[in-house]
Amino acid sequence: MGRYSRILAIGTAICALTTSAAMADLVKIGVLAPLTGPTASDGEEFVRGARLAAKEANANGGIAGHTFEIVTADVVDHSAANVTSAVERLLGTEGVHIILTGYASLSMFEVELMAEANMPYIAAGPSPQFAGIVSGDPSAYDCCWSFTADFKGYETDVTPTIEALLAAGHFPLDNKTVAIISSDNPYSKTISEGMKSAFGDAGWTVTVDELVPFGPVGDWRPILAKVRENPPDVVINTDYIPSNAALFTNQFREDPTDSVVFLQYAPLVPEFVELTKENSDGILYNAIGATLDVDAWPRGQEVAKKYKDEYGVASGAYGTGLYEMATVYFEALDKVGDPTDHDAVGKAIVETKRPVTSGFLEFDPATHVARQGIDHVPVTFFQIQDGGGVMISPDKYKSGEFKKPGWMSE
Amino acid sequence: MKYAPSFQRTNGFWPVVIALCIAAALPFFFTETHIRHILILIFVYAILASNWDLSLGYGGIVNFAHIAFFAIGLYTYGIAAKIIGLDPWLALLLAPVLAIAFAALLAIPVLRLEGIYVILVTIAAAQLLFQLVVSQGDFTGGTSGMVLIPRLEIVGYRLSSDGRIGYYYLSLLLVVFSTVFLYKLERSALGRAIKALRDNKYYAISRGVSEGRIRLLTLCASAIFPGLAGAFYGAYLRIASPDVFGLGFLTITLSILLLGGISTIWGPLIAAVVITAFAEILADYGASRSIIIAAMIIAVVVVYPGGLYAAMQEIWGLGTRLRTNVTAAWRRRFQASLRQEAMGVKDHLVETRHGPVSVCDTGNGDQTIIFVHGNSSCKEVFRRQFDEFAGQYRLVTFDLPGHGVSPNGNPDEDYAVEAYAEIIRNLVDSLDLKTPIVFGWSLGGYAALEYAARGTP
Amino acid sequence: MTLETFAFLLASGLVLGGLYALMASGLAVVWTTLGVFNFAHGAMIALGAYIAWQVTQYTTGGAGFLLGAGVSVAIMFCLGFAMHYVLVKPFELHANLVLLAVITTLAAASIMENAILLSWGPRDKQIAPPFTGNIEFLGTAIGIHDFVILAIALAALLALALFLRRTTAGRALRAVAQNREAAELMGFNVSRLVAMTIGLSAATAALAGVFVGSLRFISPTVGTDPLMKSLIVVILGGVTRFTSPIYAAFIVGLAEAFSAYFLVLYWAPAVLFAMMIIVLLIKPEGLFGRRTRTL
Amino acid sequence: MSAPLLELRGLSGGYPPVSVFRGVDMTVGNNEAVGLFGPNGHGKTTLLKTVAGLIDPRDGDIFFAGERLNTEGKMRPRTSRHLNYDLFRRRRISAESVVRQGLIYVMQGNLLFPEMTVEEVLDIAPQAARGRGGAAQMRDLVDAVFPRLRERWHSKIRFLSGGERQMVSIAAGLLALPRLLILDEPTLGLSPKLRIELCEAIAKIRAENVPLIVVDQNVEFLTSLVDRLYLFDHGAITREIDGSAMPSHEEVMTMMFGEAH
């Protein structure tokens, strides 16, 4: 920190102290969330996480003399029209100096609107889309930051993790075959494409390669029939919609093959286990940015507990995520002091280097996306055991060991 | 068209001029981009709904692929400007061309079907198009859509600068052009053919209207401005995403159309403002907002299917009737002497089955002559006859309901030749006119004939 | 293709077909009677599922499932009955009946979906299936529950068909659908009969909802996909007869299962919509339909 | 003299805003058969549909067996063209209640229910007659008058000929136990053979003392059947002819259209 800014910071702090009563103005934290529509359950979590953080900050006397209030805007079905209207509403609301979201649009186009309005924006949407917009001219997007880390790990880390499990002798390797099923949305598709090349590079054969249309899938049996004709060692489904993944699990268990099953994202959503019950025991999944609710990562345990104490239910990735985004903002505001100085807040955010629930947060200046990796935000692998996710990899954080799923032969 | 007055001479002229002035001045009062954004959305919805009315209201073709025209405009702009690298303004002009092409394609199945089947085939066509757009991810960005579509600039000036003022005026311009286009079209020969085909298909065909050609033209014409609006939307939001195919967009536009009233140009424009503003006011109410808006739409459709514009016209009509009634009453009261001077006798109100009418009756003479005046006239036109025949005959004349100083009647009941004949009969009875000679001029002539035809000598 | 795979696909197609048949027949019944398309049918499926779910929260197990289905069917019948008086009857003589009904049913769907969201929240739920475990079907294992559902769906359709053909009350409903004025002149309370028809349609929707909710999962928007599917089924089959959408449902279900295996699932919706346009073009009354409308 | 079975007093009506018939006064006595004759398109069917409760009367009253069928008063004019009046205004007369009173109208050219069988139609027909006796008798009458229907018992209506459809319509009307049966052009568009068969059947029904109103274009048939004849022209009754002096076809034509005809 430069000398002048330090003086400025001290000066601000003094001002804040002396005139705290007069200056203690209200900063509104805008939250873009699907409050209605198909993803309203996630939206509820966004708001709860942010509200928890604001409540806590207010209880501690505010940040740099400011107290906080949450204003929400409904993005309904994440359509461009609704997201734009919601963004404009927040931009037009007096006193909003930061906007947070779990995800607003799948394409992240709203980043453009934020940049135009120079509004600090921290989002946890799909990071490849975010990077795609920002990397063209990073300096134009100094206000926008992706809390979601680089997704590259989703594509690359599954192969070595499974190979490590094989090497550890958990199950035999017959012929290195994998069945990959994906849904036609950018998230699932990008990941499945990356996985295919990762498995190919490692000498695997892809026996089934299916793409299903985006949206609810009525029946997975025809696809499972294809899988069964030539039972692979590994079955992967990257469709992230929880109900689809749950149906897939249930129908797979009707007549399972001797394979390891890996699902993308969906098992992170609490109702997945509720819907599949014991059928999901043994399923593998991974996450970048999941709450590291393990002994090895106290920050994750702490926030997860706070959330659970407050609302009585466990948080998914977004409840704690929004809490942490708010924390990141509070830290930046603490440095800058003036919430209306959006440039400074943006620059302060880039300097963030702190542990958050999902790992160690640090942004990549080239893409404004959180760095991914074992020392930053790791790709964590889980297995569902007795109805709960047990982290089995990486070794640094893991809380349990892989258990051979019940459906696999001895 | 000969019988339709030019726009400058209609009741709508001044309201439109005033609305236009307000629309042009609004950005100076509302500087926040949020409100301007809503206004721009209103304009886009207004274009969509009012052009939909061309096929749905005027043409009677229930085209549920109307939003697909918009989507085609949007994607045409996106692909042309971003992937092909065409100049954005050229891409903007290309959009309606492709929208028209799609409309022509759509016309093929629509021409063969009627009623609800048109709804179904157009829904299917829109869904098919949606599948196509989503599957061609390399060009369209698939389910997430394409972002960073080039924006519109005029010699380096971004239309989005200064709080989107450029886009605001561009969208206003589009609304104006679209409305002028619809207005002119409706009053052209083509517009009359479109309406004729809707109202009485077989009669229209027998009079030489080609059903296929007109339906094709209707669909194509209704695609032009939605295509343009789609391209504008793409340039404005800089994203083309497949959610425009969704039920949400369709429902809003259809609600605007039905709430405004079908077969009117102005209804959808007014309803676009009302619904969008209402939705914005209720934005904080989440799920309840959708419930309230849906309930409101049901209420309007059920209680007053004519829609907002019809309501405005009826209220206006009510005002006019009130005004003319008051004027007539005032004249009956305070200008009686003037009329007496002209006619020689004082007029008075006589009750009939169709309400009171103002009657002049010379009162003496064996043979009565009843004079019935013509359309838009009054009993005083017969003052010379009264001068001439007074003394020879008993002369009676009266103001038809809604004419002269008679009070207004009920349009459904009282403004008909049959009703006039009945009034004459009532007068004959109540004034004891025996067997009168009935003289009718113009419309009065028809009334006299009807009176005679009823067998009352 | 092995026999096992074939059996598997057959089972999948039959279960889907049974479900589609139940969804589509409710839609077809209203269409035949009133000539309007009920866009709220999907939302009624969702609402039916949620009502049943609520009941199973108090009573669990097989009894809860049956009770839930019963309560849901009864409530939805009443709701459907009332819907006629609010959404269709006020303007049934209006020239734009078809269009007005589109917008009122769309609005009703929005009301129901959002009311579900307000009362039950957005998270996925499942009605606990009373039968668990698998049965052997031609050498492959399929959940028992699926077959039970298929059987109940078929039984419900059969019962509905028998009601319409064999009972005087059912015949009266058919009479109203075929010639409204003549039915009025026979002294029937046409409005009440039409309302009953919509009630029946809502009851089948509720049953379909219970099945979807126990075979799959329910969320407030769960009805959107069934609505589109039943639309396709109804158009392919034609709406002129009560039975034609049922055949079409099984054709669509089997086609979906087998095409997903032989082609890719990805193109299934596009193929279905293209089929729909072609059928509308060459035989608007549907594959199994006739020119006259009947229940 | 006892009160007539059906009495129309100054009945006016039509499809608003068009008025089709005006000031119709008409009576049908107990056990009486009345004929209605007039040119096509002059409002006979509209008048009868109004009596049957399908259309709201605009003015005037309908009394049946001493009871008023319509609600009292004149139809109030609409002040708004777009307001949905169906929502606020109760119908002044309903077909359901009219039929329940035993006033049965058999429509002309009735397609009936094309996809139902004869058996099904005749099964639902007695619905309206619940609570009134004489059903078995009427069934016998139907069997006696229309033996042909037994042969087509399980055929769908759309496979029947026009005459057979008419028979089903009339049979369905009879099964509703009419206190007054209105037959609107029962022989319209039939082949001569069927026409004769149907005329005979109607005569048999009349022989059972079923009160009738019959509309037909054949004066000979009407005069042979009815006790009184009304001539109807331009939406009004122009003449009433008593049974004692039934005119011939030529005379009726002269009455209606003048000497030049």
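For the reader, a short list of remarks on this structure follows.
Every chain is named by a letter (A, B, C and D) in the order it is written, and numbering of its residues begins at 1.
Keep this in mind: a residue touches a chain if its C-beta (ideal position, glycine included) is under 8 Å from a C-beta of that chain, and two chains touch if they have at least 3 such contacts.
Quantities reported herein were computed from a predicted structural model and do not represent experimental measurements.
Using the contact threshold fixed earlier, the set of chains in contact with both chain A and chain D is B, C.
Centroid distances built from C-alpha atoms place A farthest away from chain B.
Looking at which of B-D and B-C shares more C-beta pairs in contact, the answer is the pair B-C.
Overall, the chain located most centrally, as judged by its C-alpha mean against the mean of all protein C-alpha atoms, is C. Distance between chain centres (mean CA atoms), chain B to chain D: 43 Å.
Centroids built from CA atoms put chain D at 41 Å from chain C.
Per-chain CA centroids place chain A at a distance of 51 Å from chain B. Annotation for chain A: residues 36, 184, 213 touch two or more other chains.
Within chain B, contacts with two or more other chains are made by residues 131, 135, 287, 290, 302-303, 305. Multi-chain contact residues of chain D (touching two or more other chains) are listed as 84, 87. Inter-chain contacts, as defined above, occur between A-B, A-C, B-C, B-D, C-D. Per the touch definition, chain C reaches chain A in the complex via residues 2, 4-5, 8-9, 11-12, 15-16, 114, 117, 121-126, 134, 140-143, 216-217, 219-222, 225, 229, 256-258, 260-261, 264-266, 268-269. Residues of chain C touching chain B in their complex: 31, 35-37, 86-87, 90-91, 94, 96, 98-100, 102-104, 106-108, 110-111, 113-115, 117-118, 224, 228, 231, 235, 266, 269-270, 273-274, 276-277, 280-281, 284. Of all residues in chain B, those touching chain C in their complex are 56, 62, 109, 112-113, 115-117, 119-121, 123-125, 127-128, 131-132, 135, 247, 251, 254-255, 258, 262, 287-288, 290-291, 293-295, 297-298, 301-303, 305.
Residues 32-35, 37-38, 41, 131, 134-135, 137, 141-148, 160, 237-241, 243-244, 246, 248-249, 280, 283, 286-287, 290 of chain B are the ones touching chain A in the complex. Put simply, chain D touches chain C in their complex at residues 52-54, 84, 86-87, 95-96, 99-100, 104-107, 110-116, 120-121, 123-125, 127-128, 158, 172, 176.
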